[in-house]
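Here the chain labels run A, B and C in written order, and each chain numbers its own residues starting at 1.
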Amino acid sequence: MKETVLSTCEKEFVPKAISEGRRLDSRNLLEYRKLQIVYGGDWGCCMVSLGKTKVLAQASCEIQQPKSTRPNEGILFVNVEFSPMGAPHFEIGRPTDAAVQCNRLLEKCLKESRCVDLESLCIVADEKVWQVRVDVSILNHDGALVDAASIAALAALAHFRRPDVTLDGEERSSRARFSSSFTPSSPYLKNVVVDPAVLEERTAEAQIVVGINAYRELTALHLGGTGSPATNQLVMHCASLAAVRAMEVVRMMKDELAKDAEARVQKSPVGFVQSMDLEKVTTLSHEAMVTALGQLNMNVKMEEGGGDAASEGSVGESAVNDMIVESVGENSAELVPENDRRPKLDAVALCVDTIGSGGPSTWGGKEEDEEPSSEEEEVQVVAQLSPSSKPKPPVEEIELSESEEEEIHTLQPEEMNLDKGLEDQSDDEIMVSKQNTAQKKGRKKRKKKNGDNICK
Amino acid sequence: MKVKVGDVVVPGDIAEEISRVKSETKCVLGPGLRRFSENVIVCKSGIFRKKNPNTYWVDSHQRKYIPVRGESVVGVVVNKSGDIFKVDIGASELASLAYTSFEGATKKNRPDVKLGDVLYAKLKIASLDMEPELECVDSKGKQSGMGVVADDGFLFTCSINVVRKILSPKCPLLKTLGKEIPHEIAVGMNGKVWLKARSIKETIALANAILATEYITNEETNAMCCRIIEALQEVN
Amino acid sequence: MAAMAEDQHVLRKMFCEFDVLSCPDGSAMKYRNRSCLRPNKLIIDKACVEAVYRPKVGQPRVADKTKEKMIGNTCSSAILSTLYPRTSVSIILQEMQNSGGLMACAINAAYLALIRSGIAMKFLVAAVTCGITKDDKVILDPDLNKVKDCHTELMFAFDSIDFNIVAVDSSGQYTEEQYQKALSLCKEASNEIFDFYRNLVKKYACCI
């Protein structure tokens, strides 16, 4: 089945709206859709939804012979599956160009960022290593697939527990280390739009995909499209936007991970079912509707702001415009209005929530019964993997290397030293750094050195 | 399971009421119902409805459009070949539209239709075994609102239930909003809606309002409209 | 998700949500599977029903192809395919979590998606799994823990009119008596699934 053809009016309307600073779902240009990360019942499984885009990722591993060129390194394999579930024009076994590009980009991003310590995946050098495999399947396509896929892949890796094999027994632990990488894509050269929906993606002049981790290290950069060539500033702008987003995403990922870990410790049920609200008709798709409605009201509010600056706290149009013009360095300024808006959005969403919820469901009533068995299931999983040792609470084992970075919000290059210092404290595998240059080149070198350290 | 009018039905249910209708009176079976020996069996899930005297059907949820003769649809011109335009109306295959099916069109005087144009047209032929065919003239050869819509505006797709909902006389959405926000709209029974208001902002607001009606009842729609209008009046 | 009744003759609780996906024509998310559907063009005098099953890890294997075939056959038995000539109905299932009874869940999810898509069907089908434990007890809808105690698993699919068997899938050894017992148990349980279907339609009736 072919992809549907866009009509002329769609092609014209979207760019026109964007040049006015408006988007179809009434976000402003630099606003992201709601990100939701749900961890599944299995280890290393998660579903990420970014607005209507939905992606499922599952990490798994198996023992394999290493590549002869790298005998003491494990293998990381990424596979992004575009099944027709995502969109009717995706076909199984015949990946489109976009699919191949997405796969390559993601693989590059995860490998180059060294978010998985491949050397720790080695069991016996030259003979047996772990191959970590991440399967990402696109469940629904509504733009920004690379974003969603990369978040999902990373979240799955962070959630994954690798069985640790020694020669005389089996023990479970997770020592794989994860830093974060993230890839926002931003089409429109003149007006940078983040997190495009599918229609915006298709009408865009050009697209920039930036892979960046939470320490502002670029891991991938992809430019594409038919528009006029991107300028230096534009790329820098996009990269700095990406850096802010990467921090946010990683923070959220960790929060969800901690929640999941806590739920597992308390033996409360985990998994996708928990993400479904049984009282309402639409829990997972509900989001989109609330946004449509809520932001409709937001729209009106914006008008008020434009007309009457005194009307409390509402984001005036002028403010929105300011944000777009704002120079690259002031990311914090860009974020502030967004934070301001959030509670308001929630308030709107709350009053809207009652609409369309369809009332409580009248059937069922066995909710309490559901817990025991799921609990049992969890215990069983743990027991299966660690016959010799008692299961430790998973919280201790979550080892996101930048766990202390949360407090730092500013992103000025001068502060990078501080960032790095904190990171190193929390990271027991990397030696304390000798030089802390904020320059990218310097940092890359350092990375290599660390790699050597681990080798030894 | 035996069901009566107003019930929620699933495929396999028996509509007993219809079997009791006297054989000499005329009885119309709408979508979702079919005869099976003595009984009338439900074949779609939804709500069983009746219109006097003897018209029965099942209201069900649907997103894929299945062409029905005489219905007005909105489509996008995707191909031109010879004397025929191919129009995407969201059905399983493209509909065809002849050059001559426009008002005043002759072989020499061809209508000005470009690829990517949005059309409001009527289904002339819609049969399961044949390609659907469109026309942009009524029986008198007049255009009567059909044809290519304006270049600007916005086209979006919603479920077929939303279209039915907003077109039903009970639904207050377009009436109430139309008083406050003047707009042009072409609603196709195929779930495609073309919309143009005074500004881009209003167009987006209207489109979102239409999409939002999917999960809400008429009363709630009313409340929503009131809220939007109140908010708008505050601005003015 | 489960009921810990002594006799174990209870199905685990089911969850489903419609319209999770925006692109396909009908979608349903059940606890472990998700499916969607779109009719499209295929040159044939009636609808061609195909199922696509995607495992969570790796590429589909032979076992998955068998599943696809079975789901496709089970679905085409109910779909009024003569009403949709020259179309193909694709049912795409993605495994999301396996807690036992995958096959039954896949079939139920496929039917939920068909219900949502508004395709005309003769009847509905409900699939139920049961297992026979090592001490020869028949338990309904075993989860992964209980599957370990079972030497045999049986899956039955019933239609909603006469509760006739539409599909059977079995693995392991069992006696005729055990088979009959499992059959009657599953038949009883399938009622619960049909009620679930109906309630779900009721729940979503507000947007019709």
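Rule of thumb we're sticking to: a residue touches a chain if its C-beta (ideal position, glycine included) is under 8 Å from a C-beta of that chain, and two chains touch if they have at least 3 such contacts.
Not measured: the values here are computed from a predicted model.
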Nearest chain to the global Cα centroid?
A
Most distant chain from subunit A, judged by the mean position of its C-alpha atoms
B
Inter-chain centre distance, subunit B versus subunit C - centres from mean C-alpha coordinates, in Å:
33
Take the average of all CA coordinates in subunit A, do the same for subunit B, and state the distance between these two points in whole angstrom.
39
Taking each residue of subunit B in turn, which ones touch at least two of the other chains?
214-216
Two or more other chains in contact with one residue: find those residues in subunit A.
281-282, 358
Would you give the residues of subunit C that are in contact with at least 2 other chains, written as numbers and ranges?
18, 24, 38, 40-41, 202, 204, 206-207
Subunit A-touching residues of subunit B, taken from the complex the two chains share:
76, 78, 88, 114, 116-118, 149-155, 194, 200-201, 203-205, 207-209, 211-212, 214-216, 220, 223-224, 227-228, 231-232, 234-235
The residues of subunit A that touch subunit C in their complex are 1, 40-42, 45, 47, 52, 54, 56, 58, 60, 81, 83-88, 92, 133, 135, 137, 139-142, 269, 271-273, 276, 278, 281-285, 288, 358, 361-364, 366-367, 369-370, 372-374, 376-377, 380
Give every residue of subunit B touching subunit C within the complex, in rising order.
8-12, 32, 34, 41, 43-47, 59-64, 92-93, 128-129, 161, 214-217
Could you pull out which subunit A residues touch subunit B in their complex?
4-13, 16-17, 20, 22, 24-26, 281-282, 289, 292-293, 295-297, 299-301, 303-304, 307, 355-356, 358
Within their complex, state which residues of subunit C touch subunit B.
18, 24-26, 38-41, 78, 80, 83-87, 115-124, 159-161, 194, 197-198, 201-202, 204-208
